[in-house]
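Note that the chains are named A, B, C and D in the order they appear, and that numbering of residues resets to 1 at the start of each chain.
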């Protein structure tokens, strides 16, 4: 991702935000994290608006014309994807969230289902936890919330935000049998967090296989 | 795959259909799903004809000159591959089938053999089931038929079509120790379905490894 | 691999053979089958000569200048790699061998060591066995010989050729903890056979993991 | 990596060394061994200086402007990464070390944690051990030291160097739950050693899975 394509949240116009959305989508597409046109991406424009991928786009080949401007707390945009509420709820709940990515990595999908009953997956002791903004040591236990899947995404978003209010600091959550939501202060941070989750969840999958 | 290379079935000429065949083949080739010149691809032209990969072509590097025009219910084309009957039987049996892909993915090959005795592999509860046209919720159980392998592809095609008549809605089937057949209304849909099956079968392989 | 780079054995000059060697090396390099400058490749020129990769070359970036002309039964070429005798012994023993590849795929290395005591790895019932020239049905059991590793490659070549005399038809053999030798009538066939072995050995690795 | 980008240690200027650092970083980046901006790389310039990646750079897209000139035994460079002491301690301890790479491969991370209590991971009997400079036969047991992770990298570097003084010849070491340090006489050798460790540790992971 060219650095110039990513802007800090405070100075973002729609065009800047759309470029951040495309950068996240292409990064995820190259890794095969948005199979079968799944996944979606967004970047906050300001306190009221966010740039979000339109419904039906092939994220691996996303163009800026397939990014729409959605109101964070307003009525649904006609071209918004069914999962837009899960993005917008994050912006509404936490002013520090500048970009959100939803991806379908294989370990996220497999582990989310395996640990659904526990409601949480703990990632602990790995150096790469330091890739998350604000984590300074591997001596950290990151509890990643897991929520049950639900086709009613307004209801699902409400459940997620309830969970995040009582959990410790979070960089993402899992939807069981579905995939991963991950965020950061900017598209650049969200990309780094996607890559960190993919590495850590793959390591976790291997570690569980050896038990 | 450029959008312009894929046409809806009703307006397809041979040239359009051949471009769809090449798009499917290259997509599969990039993923290493047609190892050792295996695999084959077709797109329906109309009620009578389909464009099909010729015998012996390297699908990962397929050119439009290696695509032939075959009669769905007529005599065998001299350059048709041995597996052409499995494609043509799908077009004859179901007017909604616009494109067919045959690929050799690793999880398809391994799981088809492991579950051969059961005759079916159930994929259930995964969000990515929604990538199949017409599936609206993850609360779905998709039974993928598994048939024994057979070098007599006319006999195999007849067995497959018998199985598909009595199964629920299907987007593909497995041939034990061999690979996957998958279809859709268009080349674009068949590509999305290929990618969905690859993801779901890989997830299934990991889930079975943890049992 | 462009078709024009591969010639049938009877008409090969050194330049043609060297192009075949480079095509095999690049194909293997793209798949990461020649890690850490390992692996080597050869194409027969005629009954007396073969084009072979020189010692020390990085096969993934091989150039034609790094291919030498070696005598099949003559004295060692000063730039020949230590493993050249294993290539040349194949040409001396079997006039149908037109190209030889030596690669270090992960499943070949792991399975060769796991089954070393048995001296053989049986691949049976897979459709992709038909990728080997002359195999017409999946109802085939291919016994791949496994020999112990040995740094004395003249002694190792003699042992291999003894084993191949008494084994059934073979397309390759494994050296325990080391890797795979594979051949065909041409560079094109050897490439197809490499890809077939990689697929089949990976499938075998998954099948054994589920036992 | 173009050959011309890598120079033997004795003739390296800063520019040559920086090119070697970039070549290592790009090689590792293409393999996804530096996820989430992790990893770092260095090349010795002479007995007093080394070229080292600056803090915060995305190694997969490293430019020469992100490489700094650090004193091996002097005060910390203001742009040096927190892990620079682990590189510099290697140059100070062993005049034969010309380049150092730190990568986060998946098998290194998983196996380092699994075998932390033993303090060592033995790699034994694999042909690819010969990829390490000076190893002439597969009949070799290479004991790779494992040290506990520590955010105090000066203390960690001291512990590592103590361990390396009493271990046999080493080409790298593991930090538990963290990753791999690997070195060689030149950037070219360090790249070959990275690739060898990745192959051997992946093979080891598969071998342990079958126990």
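Just so we're on the same page, a residue touches a chain if its C-beta (ideal position, glycine included) is under 8 Å from a C-beta of that chain, and two chains touch if they have at least 3 such contacts.
All of these numbers come straight from a predicted model, not from anything done at the bench.
Peer 1: Same or different: at the chain C/chain D interface, is the fraction of residue numbers used by both copies above or below half?
Peer 2: Because under half of the interface numbers appear in both copies, chain D and chain C meet with different residues.
Peer 1: Using the average of all C-alpha atoms in each chain as its centre, how far is it in Å between chain A and chain C?
Peer 2: Computed from C-alpha means, the inter-chain centre distance equals 45 Å.
Peer 1: What whole-number Å value describes the gap between the mean CA coordinates of chain A and chain D?
Peer 2: Result: the chain centres lie 32 Å from each other.
Peer 1: Could you tell me which residues belong to chain C and also touch two or more other chains?
Peer 2: Counting only residues that touch two or more other chains, chain C contributes 209.
Peer 1: May I ask you to sort the chain touch graph into line, ring, star, complete or other?
Peer 2: ring
Peer 1: Who touches whom among the chains?
Peer 2: A-B, A-D, B-C, C-D
Peer 1: Quick check on the complex: what are the chain A residues that touch chain B?
Peer 2: 35-38, 104, 106-107, 109-110, 113-114, 149, 151, 175, 177-179, 205, 208-209
Peer 1: State the interface residues of chain C toward chain B in the complex, per the touch definition above.
Peer 2: Residue positions touching the partner: 125-128, 131, 136-139, 192-193, 195-196, 198-199, 202-203, 206-207, 209-210.
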